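First the structure, then my questions, so here it is.
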């Protein structure tokens, strides 16, 4: 008899990944999964790959059906978590995969999202210094954005160590299509995406304030690119060096012993395919011979370390379970 | 302290998948993994996705390094298993992923493979009637071919029930590129494959005699197609009906209770993506309105149910472990 | 001053391909292009790749704007061509890319399409015996279906020559996603399609009666498969032999001198990538060693020889232009 | 009777694209095409998509077979052009697609390439100020690198206008796999590439000195990424602004009237798919709201504007033909 967890918004890609991870988790059991248009459908029809939960019927997304779970995962569209969370009993722990509670400054929220700022929850990135303990002590945790985790893991230790200049950070990050969600849109059709790379939200992406908040960067340009693959984020993060320190050594020291963040052996660069299905971030760093800039490349699976896997990692901490329970750092390739 | 297993030929795709499954298996531990050109390399360099075994060094492929394992998985090029198997002690159980010991008739072997016929081992498809018990009682088991399992699961029960005519079976089966192995060949380059479908070995494929042997088909045409995806086989199997029976019901009855073979709900057709990373076969069947032919479609992951997952399933049976240990029917999608 | 042609339904994929071919055609000029939801938008916004027409604004789809063109291409949803065509002056030549006027038997139409049968126009496949002349003498021509052309070119000469048995034809044909059109649907999202093969309309496809009508097949099973690529159809056509004739020689003789249908050298099998962007069909045939069945594989670009290119080829004939004007048999690869 | 051109190194991807463009060129005819391992093979076997030249046999790559052409395209591995070019008569015009003659400084050459620096030819980028005339007056022209053209077109006008700071340029550019050539290598296998993004040559790419030479940048970091698509380069170029000028307006003015370089309408960002098969570069620019950096995104087809198409454009100029002869700015999509 496991700990009973609920997934609100289970019909999307992050929700489906939560279902897959919960189905394979040794200590968690699915109390209820909810959907909107898909309420009433079986999981086997919505997510044919999650065979072990195929006969579970999605309930409508309402506080009542979620209230008796030990922990609720919110996988709702940005801006919809706050209203629902407000109606859940305090006794229910909550991990929000959405953006609602990530930002400290209301101004940052209102710049990029509709509606008022709902507040700020514990930031769900256990690999940040001291954050693991804060998460374990929290009943409400805000998961990071998918781009944010890929960039923050690459950059935060370098700024904290005074090795990278927070004043001039340039990021180009490409994501697979699942990061754009499961809504039917022409620009996300396979015909439009296969064989094509396309930038979007150039010059103004909503993850920038989150990344600055999490890393201490004071000026950061990020250009997101949609890539012809279903999953994965590859982030190229460059910054001016402030010292002669080897950025790879700084990262290796920062993540020594971390189960899910790994600095690859010298000369081996991350491939997103190696993180497919894994709760893992792969990092490598060097100094550019021409410009002298620090270049860090980070690879994650946007649906796992970038969403559902990180959410389970946070839930494990909040529930007093082993942090790695139900998670693996091993990807599936090719 | 788990049961100690070895992987001979660990540098290829099937070998890498075995390493991933063994790393996550509750009862197995990796005694040794071997390679040819890659001997001396770390698994982290050869299979960057298998992080939990990253510091294991590949040994050369030789009987001595394999002899003290409880069970050896052979993931060698077709025709190379027999010589190595002959040098392993009888006390070591062996699962051969290659073709060497699948065929009963020497003539079938010599028609498609180089060298003499090595013999015949217990056929490693537990879902065939009575086969589960034979595998559990064997020390030497021959895994099926990847195309063979996808077609046999779709066809064998229909012929056995007298519902499908064994005299006129037509199969077209498309496979992802990992089925072609990891050798560097121009026609397997991403540039050549992406955006392209291409048939190969048309009119004469080496899996045909194996499929006939396993299904009872007496005349079978199979056209294999290379598809622009890394994994997955989609087999379309058609046959003349001998009765008015509903082929879907026959298959549903045949696989009732099977953990890894599932007939989908009526009207839901298999997608290879739903089986990605899973030890699962998804089946659906109907009768063509125009021709009256039975049409069965089968989807598997060629590296899991088509190779490494089936091998672990067989090993579990041979070792007296729960058949599903270390395996999941849940795929990873999208 | 070229011949003035119009494209009705220019915002879809077939319409976009017509615009591209018209833009490069030495004798045709675009009089008007129309759209529905996209009316009022510039071609540069709807089809960013068609740069040479980027400032042309799509007109609403109405008879009035089309009436003064010399020839109108109809690229409308199936079932919508008839009403529009009825309102065009007899003086305007029309090529319909839709299905409305392909079928001779009303019963075949009503079985697969909504609404009443509109009638039958000259069938637009110039490579069928005598058809080139009929098209040249017609003012109204119905383009073939994309699957239909790939299968008909492979099969018709073999049945006509008495070499293939029309009673037992089995086809499996896979298509790229552009064949499913540009409407936003979840199952066509890149996330759902990449890495996946999935069958659809199994056991009952609307192209079957068209193929039977065009080839003389009396019993035909066709299973369509959606493939993870933007363009291309690969059709595997199998039939029982009635004689010992070499099917490849029969096809080579049938298409000797045809500019756009080519039987490849013996042993070379078609790849869809080789037909990308080309008004070309590549064919190869053999006899299966085990079953003795004839196996023909056909590759086309579904948007060119399967739609827009064939439409231009027909228009060239109808307008007395060189049949190959503005068309090429050379594909773009890789 | 056209101008007789030769292609040395016709078996690779750039060579194949040259063959395709020459086959469709109104003024050029193929005198001879050569290969190394493929010498003696028909073009139909090496490049099945180039049907109109299918019966042409590749000659061995030797000065004698090239000497009587009016113009020779060299599509050889980097470092092999110089030796061959030295043996061609002065009367033969030459366009080198390789790197041998691009760099002015011998030190830049020796840093990244084997062997001695061969010299410097007229730089083959007609869209640079005054370059069109220099190319027209030259008998020897060095094509640009594929990354170089995508970055140079985006950056050169901004530095020339004093709008972008040449001291702090950061580039991340992703390329399809054809840019890596047709040699059989494991890391270029479809199984390894599909579904994956991977950086390479991080911190030291051989195109950097070429880009600095062509743009006037004094410090430039470029990170190349291999993308899961056959063609296309998407370059994201960022630089510090020196003035308040709108970078988009500067680029629009610089390329006003250029047939093959187009600044897209405001708000429309380049997609590589829109340039597929086209001799076109699509550009868009903005100023990042957070960092204030200029961000320019450039898309090309690496085999056309990045190689063969640019080579034909240069040849047209050198031969006194219309610059756009045999080339189109229209891509093929989807």
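As written, the chains take the letters A, B, C and D, and residue 1 is the first residue of each chain.
Note that contacts are C-beta pairs under 8 Å (C-beta built on N, C-alpha and C of every residue); 3 or more make two chains touch, one makes a residue touch a chain.
Bear in mind the structure is a predicted one, so any value in this text is a computation, not a measurement.
**Student:** I want to compare two interfaces, A-B and B-D. Which one has more contacting C-beta pairs?
**Tutor:** A-B
**Student:** In terms of CA centroid distance, which chain is the most far removed from chain B?
**Tutor:** D
**Student:** From the C-alpha centre of chain A to that of chain B, how far is it in Å?
**Tutor:** From the centre of chain A to the centre of chain B is 34 Å.
**Student:** Taking each chain's centre as the mean of its CA atoms, how far is chain B from chain D in angstrom?
**Tutor:** 44
**Student:** Quick check on chain A: which residues sit in contact with 2+ other chains?
**Tutor:** Residues 13, 176-178, 191-192, 194-195, 228-231, 271, 273-274, 276, 334.
**Student:** Within their complex, state which residues of chain D touch chain B.
**Tutor:** My answer: residues 13, 176-178, 180, 182-186, 188-195, 228-230.
**Student:** State the interface residues of chain C toward chain B in the complex, per the touch definition above.
**Tutor:** 168-170, 172, 174, 176, 191-192, 194-200, 202-204, 208, 212, 219-221, 223, 225, 227-232, 234, 236, 238, 269-274, 276, 284, 286-293, 295, 297, 299, 334
**Student:** Across the complex, what residues on chain C touch chain D?
**Tutor:** My answer: residues 13, 16, 20, 23-24, 44-45, 47-52, 177-178, 194-195, 230-231, 262, 264-265, 268, 271, 273-278, 280, 282, 328-334.
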